[in-house]
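Shown below is the structure under consideration.
Labels for the chains are A, B and C, by order of writing; each one numbers its residues from 1.
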């Protein structure tokens, strides 16, 4: 019997089961620098110790999305090695900031399993929790994924999860301990707009575009120790639906967030992931554009929070704020529809 | 009104104006390692703490060119987002060494503006100063750039700058505090030649070539948080003069300097940038070669200084020392003509 | 006379000669992170301080293969700049673990020279020793390489080396000081199999594949400060036997070892390189697969050791365990045949 891991198939998941994921990972200033090199991110909080210190933190924390990708990467060998599609995220909360030197682990609980009527696949829903070396939770989120069955004839329990909440409640948003926006420097941050300058319903075209190369998304996805074959094995992908390597959805999220700096420079600190869907695949050679919409605002006292919709498009400008067609379908150019909360200083 | 930054146009610049640039950046050992991975640099000073310590420094400083690119990158959103061409540099001096952990900021002063007769563009000259977290100046340089007008009909002040000096005077060169070449190890540095071995007028073919990939220059340019669209947006560039992404000129400078190790291994420490011109564009797929000429020598007491001309060529060997044609025009293969001072130990 | 280094030719090597190599290099957490990004390695020892500390070490050591590539890279300008082919390795031992902050140097001794009958080339055998900043040996290995003669008419001494041993004896394997597998966490390491689960003769298909891009192998090879032109100069390579850039063999070793995680997750710590041959060239665009065979087992007391053969294939699945044809020749799909010892915990 082979010692290599074939990954779990749909019938291997049981509701209520807990899975401890492998390969703890110490994040360092190198991951922060690589994150900048791979995405072009310019949010000052994650770029400069002095900026973060001026806001009450001990130094520049690791970008929450990098924390997310690192935790997510750990789950892939156990959850989604045989996944057909990563369907969505919900109820994502960043709980403790991660700093260079922290080591991340991850554990998932199976919230539900639901066989598809085709008998070939099913949907697995898990809650994944990420922890630092002290056991403090750094991130918790729900994810659902369509997974192949190993054996179409295998019996499958139908134990669907409770429906996740459409958004994280403002009362559940956690600001990093010690955060203090009193001395926030808007000039250094790169944008003049604070909490009061944004209105619900406002849309922002982030203007800039980023063309993605195979080497770039592979470097990023390996940095996250995400092993999903679809991102790396061009030969095997020749026989796939798309005929080529697929870019990890997390790369699209991080690139779109980096583009969103242009218009949202002060909405630096992601606090929660309300929802996220990878609507269409992104491939090397595609150019990514992004626009945002302010979905809600919430005064958290020492800071404001914006609920933002981030839509990423491939190979078409974001100036038209493209999302769904009149028929309600996603436009084929839409890559990502992502809904999150971010902290933002009041002026 | 949109919150994204359209960048300044020519008529937005006023002589004497000061611009504080965004996104402070803490450089770390990761930036040093990425600099090696991206350029192939082998200068021992920036590669090994022990080598630098043996020369009186607290540890390996950050390569001055990486400091330059980082400071330069900060100026792009404010100065050259709508630039047609980056015309040149002058009066560049490295003032305080930068070490891992230091955080860089940048401020520019507009030295002059001069409209072009075509009514569409103008030339903006700025002095940019980079500072560390203690406010100590790390770098100061002058740069001029051709910028589009937003509105051709807009009136434009003609306030040209004073002409920059052709070269930094030897008396203005600053050696890093504590630098001591007494125990300099030529074997470990990788070359036998010291100050006395070089003669004014001498030319050196650096022999090796480096082919550049899209992923590489994009990684480097994002690491510098340089956002100029021409480097990243292949789709938008299809409509440009070149039809493709342009490589940031700083990438050519760093690659050529890395190639120059082969013949100038001990001219490690760049002290000043006298002049620099990006003569022809560099594209992914091009192979870069380089040659140097010794323009001047100066005995600084505890060290020597060489004034060096570094010429980078694309897709042709440097063995012929190609630069200008007989008619005085640059050969189309010349990418870079760069003039700098570097410290070098006496034997 | 030019100051650039043309590299040594066959007639420049003399048996018994010692060569101190240039460019000491301080490895940092950045090199560890880049190693993960470039290879996809998931061995927990090199990924998480906490995991290594739980096994008695002060923190995550640098992956021994990264140490090997760094030391190897230093030898290239002196040994193999004019090499036709890197023929093999033997007697490689990892002696002291390397940690972030350590600085590596390298020295080689010429063990033998043997002219080829064609009069154009010869084989040079060297022992290379790597040292840290305290002068402690970190790695020692023998390598032989075919080198061009500068002048076919030059007389050549025939001073062949003693034949290297076919494998490092188990008694010569050194476990890192303080290593203690008592509390080893198999779940966190990502595989259930310990020393007792493997049998001599057992073969493991590592299943996953990795497609390599030009930017990736160039980044890796520059990170190792390996300057061999064949990896970087696409223009010069147009005139070569292959017509394109060749991927540094060390990249194939590291990629294959990263793939081997899937089946050998606990054989994390490479202790020795018994033998290694780059059988066929690897090019950008190729997809790498790997399989392993257990050649021997040795109980080292506090840990077990597996002697493993690692075979890397290009563009064909490893499921068939392809190596040599019936005629005894290597299959053209075989890229690497590598023989090493790794420590593995007993359950």
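What we mean here is this: a contact is a pair of C-beta atoms (placed from the backbone, for glycine too) under 8 Å apart; a residue touches a chain by one contact, two chains touch by 3 or more.
The model shown is predicted, which means the values in this text are computed figures rather than measured ones.
*Asks:* Please compute the angle of the rotation superposing chain A on chain B (C-alpha atoms), rounded to a multiple of 5 degrees.
*Replies:* 120
*Asks:* Same or different for chain B and chain C, when you check if over half of the residue numbers at their contact belong to both copies?
*Replies:* different
*Asks:* In angstrom, rounded to a whole number, how far apart do the mean CA points of chain B and chain C lie?
*Replies:* Result: the chain centres lie 36 Å from each other.
*Asks:* If a residue has to touch 2 or more other chains to count, which residues of chain A qualify?
*Replies:* Only 28-31, 33-34, 213-216, 219 qualify.
*Asks:* Per the contact definition, I'd like the list of chain B residues that touch chain C in the complex.
*Replies:* 28-34, 36-40, 42-44, 47-51, 60, 187-191, 193, 197-198, 204-211, 213-216, 219, 262-265, 285, 287, 315
*Asks:* Spell out the residues on chain C that touch chain B in their complex, using ranges where they run on.
*Replies:* Within the complex, chain C touches chain B at residues 2-6, 20, 22-26, 28-31, 33-34, 77, 101, 103, 105, 133, 213-216, 218-220, 222-223, 225, 227, 229, 232-236, 245.
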